[in-house]
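Labels run A, B, C, D and E following the written order; every chain starts at residue 1.
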């Protein structure tokens, strides 16, 4: 467990070394969310209707973009070899990286979402379900994304291959995440949808670190 | 199964099975297609459009089946390192992708008269589309490495991870109320006219045999290219 | 320069328990068997130079021994009293450019559960004081390698596997590494060293990879 | 000029080495376009209304993702140093990379757009203006993106920094590109908008290769 | 400020026109002046070993001379009869892993406008026949370096700047590079060689970077 915190601490330090980094994830999120009103036009009725979808799609893309470097930085400079020959179990290394990734992307996104909801003219009541859905859903994104990042590690054109591998697996989270927000803000009970999201999280937490560790072993060959 | 893991023995076995499967496949098409498209009864509700079913349903089943084979082959490749299992998985991918695309296309053709729109974002339809992308991802990932072995293993893991999608497709009609038809075969019995079953089964058989023939051909080709490549590498270095 | 005494980790244990046992090893890469039929044993205090021309499989051997590559056949058995058996060092040094040299070293020390003052010992052994607070990105090739090899001096692993450690080092630093190696081996450790340069310390064993090159397994029996 | 074709040829060969590559760009584009109906829901009226916006936003993101590797691959393996010390002028090197990038991303995207328009239930009449707009607009994306890629070359976390630098410059193209499609499919004449897009392209073509070459010089220091 | 005066290709010049003229050069990196007051001249057939301990500025000097880094003061003047004056080779070799060795080499030959059969000559000089059709990614460290250095053997540049070319090479290949260097210098080229290993061929000149170390500009005057 101690090892786990050492690993998480290192990744956090690397990503907060320049404070700019966390700002960047947030900035990307904000800019992309702001692109849509430009692309769609400012009509309030439509924006309001598609707001939850845009926030979720952007969260997926932000997560995807930042996952690109999850393992490849360590692979490039040889640190991955050293981590894999260290006393830390590969699964633990992967799990620590996933946690650090969520802390630097998923968590800020979750905290920022209500503010961005306002710019998309979403109803005030949607803030709470939005944050809850993101809080349950974004860790699953990091988990699944880690598998994709590990699988595509040695591959050419990772930047393009990653989305192809990962996005199909993200789609269920997107559907349920948006559904949970929309259902709640329409005044219905979305408990079932949140439960499904939680179920995804549990399954992903149980499977993904192992799958990613196995994929890493292959990549280092 | 372990006996089949030896490529040389597999080659022999494949050579004997293949002509039989090919012949049977042609027979099934010869009988199945005319019966399905011309001589079977029209549906009391859907009229002649129901004939799309004889392509759509076998294609859908094959799309799922190929993924199942792919996942099983990938698992046995990862666990027991059976090279032939991997080759079967690899050859199943493009065929499965093709059947899935066929299912999507015929579904869209069918949807136009039945639902008034070719496409709705409904759980079964979208999960089938996701399946298609998983196939594409598997193919792309497998070809994206310099070392073929690495690509094979990475793609195998993806196939296993993606197999969580299979039950979602299968049970999506039950879990979410959907525009799409529920299962023909369920606990409650068979839900179509008995006269529709023979052509349906002939078409299913034809598609299945077609799959077997193509996979055997492709695996044989892979075995031979691998041998040639190994021999070449030996000579150069 | 003061003496190189490797104090930590080794003290209370019987040193006879460190062994590296390799039998009938073969490895495959890019669809080709690189070497085969390789067997040897190293015990505490023994070291081995892995030599051979370019492309003969030195790096591949070390990666297989370190568990980074799967062997095709054969076994690698490691007995050691340490939780962390192996300290591997490859062509790339694994430093994080955004972290300072000190931060890099501290991370590995923590991960390896090194002794309290291990970092300070390593720093003085490798004479890294001048660059401690520099981001590793700003180091020259030789300093960088030196900072990377400082991991060895943390004194936690009993088996060192070094792939061309002398790359980019000037003579003074080559000697520094040699001294480190001698001290490690003298205190009961094991070292494997793949290099084209003659090391300043004499390994007890020597394996020439050219002797284990795989024979072409052509013909119908081929079975992969 | 000959040098130019040698350089373009090399980049094309690198990216078409495995045919999978071009499929991947297309795949990413398709997947992302398909995410939106998931996020927004299947109601035809709304999808139709926002279709052009979604296609353009996705084209921006696809372009952005693939630009990430425009220079960094060559920087990582030292090839950039060699290119910059070669007889080829840096501006020529940059221009060749931009052309190769457009040929492998912008062009396939343009060709694919009408098909994706159908899945977004856009009117058939919008296909022609959409392709024209993309044909004029995507080269500008590659040009601007190249400057961003060169500017962020030495920076850490390029994957996240790039969008921040480039997206603001992409916004005008987005606005006019969407405007051109929507105006035409509403039956009005969008000639003026296309002219503006063409103007952007000319300005970008005149400035960006130089700016990117200058940025590269700085990054290699 | 820097002045790069490049005299372009003039038709019928003798090879005696190749000169590299460096005067009062100093370079700054990471806010610190690395070396200063460096002047020398190399003419056709001359070569120079750039030596000095780790971090003394060998790589920095070569990068400044190749135009990859700006100098702080001083000038670098290159006169040459070739369109392509410089062949630079750094710590990293610039091979594209996805391309085969042959494709890599052909690209550079085309870009450098090398002679018709230059690629074949280079291949046989570096004995690369066995790996021509291998993707460069699959080469061992030494083979990779050898394939990277084959650019030199294309015979186009008159001034070679090599940063630690011997890295990862076995003795046979070190000799190969040495022969290449001797032949280049004998035929009137210029070579600069930064290395810690003693080369098998003897450069006519030698510069020790330790002698040009900048005085510590510490105190309140420091400007960054």
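Quick notes on this structure:
Throughout what follows, a residue touches a chain if its C-beta (ideal position, glycine included) is under 8 Å from a C-beta of that chain, and two chains touch if they have at least 3 such contacts.
A quick note: this is a predicted structure, and the numbers were derived from the prediction, not measured.
Shared contacts of chain A and chain C, meaning chains that touch the two of them, come down to B.
Between the contact lists of chain D and chain E, the overlap consists of B. The chain with its C-alpha centre at the largest distance from the centre of chain B is E.
With each centre defined as the average position of its C-alpha atoms, the distance from chain A to chain D rounds to 24 Å. Averaged C-alpha coordinates put the centre of chain B at 49 Å from the centre of chain C.
We define each chain's centre as the mean of its Cα atoms; on that basis chain A and chain B are separated by 32 Å. For the pair chain A and chain E, the distance between mean C-alpha positions equals 45 Å. Shown for chain A are the residues in touch with two or more other chains, namely 17-18, 76, 156-157, 161, 164, 167-168, 171, 175, 221.
In chain B, the positions touching at least two other chains are 126, 133, 136-137, 140, 144, 146-147, 149, 237. Residue positions of chain C touching 2 or more other chains: 29-30, 55, 91, 98. Interchain contacts (touch definition given at top) occur between A-B, A-C, A-D, B-C, B-D, B-E, C-E, D-E. Across the interface of their complex, chain A is touched by residues 29, 63, 66-70, 83-84, 86-99, 103, 107-108, 110-113, 151 of chain C.
Interface residues of chain A, counted against chain D in their complex, comprise 15, 17-18, 20-21, 24-25, 27-28, 31-32, 35-36, 38-41, 46, 49-50, 52-54, 56-57, 60-61, 65-66, 68-69, 76, 156-157, 159-161, 163-164, 167-168, 170-171, 174-175, 178, 182.
Those residues of chain B that touch chain C in the complex are listed here as 6-8, 83, 147-149, 226-227, 229-231, 233-235, 237. Those residues of chain A lying in contact with chain C across their complex are 3, 6-7, 10, 13-14, 17-18, 74, 76-88, 220-221. Chain C meets chain E in the complex at residues 29-30, 52-55, 59, 91, 138-143, 146, 164, 167-173, 196-197.
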